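Below are two complexes that have subunit A in common, paired first with subunit B and then with subunit C.
Right after this comes the complex of A and B.
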């Protein structure tokens, strides 16, 4: 068994990296994490087997649920550790270089942008807010429009069916519109309390134990950049934003390293 | 304004208990996109979707929960700033 060629996996970029912190965490495949430094910036990186992380191989591995989870959790483990001690810019999963010198070149090339974004992220973290609605919260007729309950005197089976069906569809349309409006309201409110905000695609309820059971749908999958000391207040505000909205609940996650804000203040 | 970053209060991040779906939202769609030497087209939407679908399918296989509809959220994914 001769050691094959290695490549360099990059987790995050930061201004300062404490080797003692890196010693306490393992990277992809359990590899030790090291600093790759260029000027005022450092990358947290580790070595991976070049053949196992070639483009084709990596693409395939990312479509295997088990492999994808292992890679994502290892990537996050290192980023979360680094971000605990200093502002850190997470890299998207899959940044692989042929060697450390290529990483240094990348750091040098993007130094102004990275420095600016790191300063913006300092002392801040990402809070996730997922808003779920029960199906009945979406289909209940709107106030003052009891269309579905309207009697249909003198109409036969077929016509009554069509009428009922039309009302059902109208109620569903209204429900969807109200759901979209509620999501926009909540997002706007939370954005006003945050430094910056982003939205992710809504998640499949099947991936959430509670939502899958109760057939909920996701109205909002938001991420908010918040001052680290205000995380608790922000989470409380998110819960308050759904209070009084029947059948709607919020899941607050985090704090997260600022994954959703790596595009910097200009990305807003 | 110029206080060193290390003097800030940086939060502790929960590393183990994060849900995989929430993590994938972030590591596949967030983070800095850089052109690595391995030109992984992970920035492309299709691969991200393939990955997420594969993951959701595996969860669904474990817990045969009801398949529910997903509605579109409010359009215009970005927040005003």
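Right after this comes the complex of A and C.
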């Protein structure tokens, strides 16, 4: 390394790296991406300015939304490129080494585990399925018992209003229970079609342009490891799973590099 | 719908993981929370990242965790929980108003029945 001026940012670990593919993508700060090889494993890496990526500085940069987005997108861009040509293990954002020799040591140390996981991931990709529900799908009353369909003759306006409110609340509870059950059903169904499944935290609707406008709530945020040749079928199954559920839609994303499955078959 | 495989090429090998207009939330939840953790010489503190992510309002709550704990996770939805707060306040005001109505209501109406308003109104959810 060049006299402490640079550090090494690592994106992904893979068995084989084609430099021609790496030439087509730029890394953090626009830096060229290169291979750091140790035994049968390679890391896709690039050099970053050591001062700009010290622990304190990096931490601070990540609290700046614009900087965080740039780093995350650059990290993801390289991982996505590497994963198009060979099975790849994405690294979590923010692993920086003082030099390439330290990267090689890491590869050597975890070689058995990485090799196992790469074999498991070969020919597979991650598919994301987000299931959204409109607010009215959560509050819809049970059949035959409309919230406003129970006049209370003889009662004062206040009492009737309270009664109606109670019905609305009961209907909302039922709507939520139905929505939670629907999310569990869909996840179970899709898990059965996938090699492995993971659930992410539901996202805030504000992070999604469409859901933000329609005030939808995310019922399910799942990732599914699917054989590459079955991606289309899986996406169709995800859409079919929400068909006929009023006010519920599925947003299918991917194929993704196997971020959610980088911890191997035993991960949760 | 923005599924890449609905794009011109149906082949996974060609559409796979090419740079796609993935949402920032989808990317962040993966690069910050998934992927292998390695012992870098410099590593971002994961706890801070978690707090950061929450601060960015990308996460509301975990369905599984909430179910385990018996919590209604929709309460964490800002829109719904503020509606619930409004409702509690509305119920309180209604109790007061109904109380006034009953005490001052004309004798030919409203006196046939004295609904147990405070008791029932205290049950915002069944």
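To be clear about the criterion, the second predicted complex is superposed on the first by the 257 of 268 C-alpha atoms of A that agree within 3 Å, B and C clash if a C-alpha of one lies under 4 Å from a C-alpha of the other, contacts with A are read in each partner's own complex, and residues count from 1 in each chain.
In the analysis below, a contact is a pair of C-beta atoms (placed from the backbone, for glycine too) under 8 Å apart; a residue touches a chain by one contact, two chains touch by 3 or more.
What you see is a predicted model; the values in this text were computed from it and never measured.
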Fit-or-clash call for subunit B and subunit C when the two complexes are aligned on subunit A
clash
Using the touch definition from the top, say if A:252 reaches subunit B (first), subunit C (second), both or neither.
second
Have a look at where A:159 lands relative to subunit B and subunit C in the superposition and call it first, second, both or neither.
second
State whether A:16 touches subunit B only (first), subunit C only (second), both chains, or neither.
first
Applying the document's definition of touch, where does A:29 land relative to subunit B and subunit C: first, second, both, or neither?
neither
In the superposed arrangement, which partner chain does A:191 touch: subunit B (first), subunit C (second), both, or neither?
first
When the two structures are overlaid on chain A, which partner does A:54 contact: first (subunit B), second (subunit C), both, or neither?
both
Given the touch rule stated above, what does A:232 touch, subunit B (first), subunit C (second), both, or neither?
second
If we overlay the two complexes on their shared chain A, which of subunit B and subunit C does A:170 touch? Say first, second, both or neither.
second
Where along subunit C is the clash with subunit B: 9-17, 81-89 or 99-107?
9-17
Quick check on the output: what are the common subunit A residues between the subunit B footprint and the subunit C footprint?
7, 10, 13, 53-55, 58-59, 62-63, 65, 68-69, 72-73, 75-77, 80-81, 83-84, 89-98, 102, 106, 110, 114, 125, 128, 135, 138, 176, 180, 183, 198-208, 215, 217-221, 223, 228-229, 231, 253-257, 259-260, 262-263
Partner subunit A, residues of subunit B touching it in the complex
5-6, 8-15, 18-43, 47, 50-52, 54-60, 63, 65-75, 77-81
Complex contact set, residues of subunit A against subunit B
7, 10, 13, 15-16, 53-55, 58-59, 62-66, 68-69, 72-73, 75-77, 80-81, 83-87, 89-98, 102, 106, 110, 114, 118-119, 122-123, 125-126, 128, 130, 135, 138, 176, 179-181, 183-184, 187-188, 191, 196-209, 211-213, 215-223, 228-229, 231, 253-257, 259-263, 265, 268
For the complex, which residues does subunit A have touching subunit C?
7, 10, 13, 53-55, 58-59, 62-63, 65, 68-69, 72-73, 75-77, 79-81, 83-84, 89-98, 102, 106, 110, 114, 125, 128, 135, 138, 154-159, 161-162, 165-166, 169-170, 172-173, 176, 180, 183, 198-208, 215, 217-221, 223, 228-229, 231-232, 235, 251-257, 259-260, 262-263
Going by the contact rule set out above, which residues of subunit C touch subunit A in the complex?
1-6, 10, 12-13, 15-20, 22-45, 48-49, 52, 56-64, 67, 72-74, 77, 79-80, 87, 90-91, 94, 97-98, 101-102, 105, 109-110, 112-113, 115, 117, 120-121, 123-126
